[in-house]
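One structure is given below, represented as structure tokens, and several questions about it will come after.
Per-chain numbering from 1; labels A, B, C, D, E, F, G, H, I, J, K and L assigned in written order.
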Amino acid sequence: MSNHTYKKIELVGSSTKSIEAAVQNAVAQAATTEENLRWLEVVETRAHLENGKIAHWQVTVKIGATIAS
Amino acid sequence: MSNHTYKKIELVGSSTKSIEAAVQNAVAQAATTEENLRWLEVVETRAHLENGKIAHWQVTVKIGATIAS
Amino acid sequence: MSNHTYKKIELVGSSTKSIEAAVQNAVAQAATTEENLRWLEVVETRAHLENGKIAHWQVTVKIGATIAS
Amino acid sequence: MSNHTYKKIELVGSSTKSIEAAVQNAVAQAATTEENLRWLEVVETRAHLENGKIAHWQVTVKIGATIAS
Amino acid sequence: MSNHTYKKIELVGSSTKSIEAAVQNAVAQAATTEENLRWLEVVETRAHLENGKIAHWQVTVKIGATIAS
Amino acid sequence: MSNHTYKKIELVGSSTKSIEAAVQNAVAQAATTEENLRWLEVVETRAHLENGKIAHWQVTVKIGATIAS
Amino acid sequence: MSNHTYKKIELVGSSTKSIEAAVQNAVAQAATTEENLRWLEVVETRAHLENGKIAHWQVTVKIGATIAS
Amino acid sequence: MSNHTYKKIELVGSSTKSIEAAVQNAVAQAATTEENLRWLEVVETRAHLENGKIAHWQVTVKIGATIAS
Amino acid sequence: MSNHTYKKIELVGSSTKSIEAAVQNAVAQAATTEENLRWLEVVETRAHLENGKIAHWQVTVKIGATIAS
Amino acid sequence: MSNHTYKKIELVGSSTKSIEAAVQNAVAQAATTEENLRWLEVVETRAHLENGKIAHWQVTVKIGATIAS
Amino acid sequence: MSNHTYKKIELVGSSTKSIEAAVQNAVAQAATTEENLRWLEVVETRAHLENGKIAHWQVTVKIGATIAS
Amino acid sequence: MSNHTYKKIELVGSSTKSIEAAVQNAVAQAATTEENLRWLEVVETRAHLENGKIAHWQVTVKIGATIAS
């Protein structure tokens, strides 16, 4: 188990609702092409503003996945 | 459109409720004096503690606004 | 009052629910051994993933407490 | 002269042409409202892409200006 | 639109001519395999030197692309 | 009180005497136009040199002020 | 040669033996799918602990590879 | 001597007088509970403002101490 | 399991032999007072030099441990 | 070839024309005293402003050179 | 004047008295071998501790000097 | 002793064998021209890859040396 290698991919998820939901959207997208997602790190949190309000959150994450070997 | 210039202002919003609400309070305040708010970047997240609990969140953001020209 | 000294301790709180709840769990734990908690700074936000979903949030915080003198 | 105070403002200039032109556009905008601009620091360089090409550069700068006293 | 997810890829472009041309070469390469390129961030600027002169610029960029869904 | 919003402004103070005096000069300048200054963070410490000696200190600070509402 | 473009991928290699071996495992894994590996940069060094000892090293690297064109 | 292990603790000292005095207050506090203090690193310098003046300095330090073995 | 809280402590281990051995010495010291050590992050690598050679390595680590609850 | 040692020197080049020209001026200066210049890294980009315009660019670079042995 | 090139050297000055005095000692040392010192940037502030007190300050600075041409 | 001034030089050592050996090669080179080497800080760890393997390690260090006075 100590010889596992992981790859990290960087995604930006977005959501009108919350920071957590933006992250979950990024994870859901990653899960459509990658198996074995293991952890994520939040890299940057931004939001798009419209009419003086937060229109949607944009959260950059790095997601780690075990490389099947 | 490619020649727009934006200014960035730095605010700290606070809220007893959530990180998102603290950010929204900062945006609402910015909107009282600035038009054309476009985006924000979360710079720092802190909280004030009282009686061993989170009393309120304090979130520093940089807000970008188009300069009317 | 200007001569107070504070110590800062670093904890990682976790929660299945939200970033805020993970932080609150870290604060609650700190409150069991430390009095006079004053503020916290979010240092890093990560999540553990299982079955292509966020299993729990893991948020690292630094908590500042007044040293009783 | 050693007691001068400077303020720093943060702007994002853009240009279809070059990084330097994007910075110059930010400086030109600052010069319409501020006298005594003294120096700038490039903080971040980004570009907006369209049709697989760079549509315009977006360069964030901090501009220092002497405060008239 | 607020639910878009973006991926970020990291490339190093090079050019004998300028920093901008090195970036454009990286974008042109990305466009051969990725649709929907949206923005880029310059991460690092280096140059290879030969005979006491700049032989070519090497610029690292992160490029964001919409994930088609 | 938890709903206060603060703005942060960035100034460079200078002094021939000390780092502290350079900061105090920046604060004194800020106080001529802003009420309700609350805290500052030292961002960068530099000095101008003349004749092999420190001619004056130049200290960049971010100053936080409550926005009256 | 000055117009080469490189891609950078981020991997985490692990090993019970040493930091170098963890990096080599990441490189060996990358070599199974990528040709033309050129350089790597160590980004982060961590270790998993068990029974008060280092169970295995986990080293994050960015690996640069020439894009065949 | 090469096998010494040190621990690092993080404190915030404060003083109405100077940055140095704020640091010394943190060291004095550390000395009441720790023997064998060896070095410190200044991590952050802030100040609390009142009535448009510096009320007291708040300096965060990491202090290294030999662990008695 | 998702509600675990971890504390992080910062130590500097040293060794005449290698970076890994310096880290292991820090872990061994931590294990004398803390149970449930879980992971570590290398923060800084330095060495003390004598007679133009490396006398010993000094490696700063943050060690995470589950708080028994 | 794998046992080469390089030294890195830090210079600030300036130019009225462009960022690239400022870097080239730094390299040209380095070449008057150092042989075997190999690469450079751009560390910081600033500009001096006069009359509301960019008077000259000031670019800090680290230059790597093989040490003849 | 816009074509000046500067070199930056990194020194650590020390003093039992103050941070400013430690910096001045570094500048005085630099002045014995370099002409045309122009500015400095404080990079890091540390102190050596003895008997639970600050024995001397150790301040790392980068000093910029015009290269005579 | 508290008034010593140190200079810091930046070198990149390389080795086919290990990170430690690359650092030792840099130190050995520094010792041929500098007396009184006192400490080093590892700044960056890279490796050159050939044929899908690590050809040699390249480690950047800052080396501190007492200035003889």
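Operating definition for what follows: contacts are C-beta pairs under 8 Å (C-beta built on N, C-alpha and C of every residue); 3 or more make two chains touch, one makes a residue touch a chain.
This one's a predicted model, so the numbers in the text were calculated from it and none came from an experiment.
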Intersection of the contact lists for chain B and chain C: A
Selected pair, out of F-H, A-G or E-G, that shares over half of its residue contact pairs with B-C: F-H
Whole-Å gap between the CA centroids of chain H and chain L: 30
Chain centre separation (chain I, chain L; CA means) in Å: 22
Multi-partner residues of chain E (at least 2 other chains): 9-10, 18-19, 48
All chain pairs that touch each other: A-B, A-C, A-E, A-G, B-C, B-D, B-F, C-H, C-I, D-E, D-F, D-J, E-G, E-J, F-H, F-K, G-I, G-L, H-I, H-K, I-L, J-K, J-L, K-L
For the chain H and chain F complex, residues of the former touching the latter: 18-19, 44-49, 52-54, 57
Contacting residues of chain B [partner chain F, same complex]: 9-16, 25-26, 29, 48, 55-56, 60
Interfacial residue positions of chain C with respect to chain B in the complex: 18-20, 23-24, 27-28, 30-31, 37-42, 63
Residues on chain C engaged by chain H in the complex (per definition of touch): 1-10, 62, 64, 67, 69
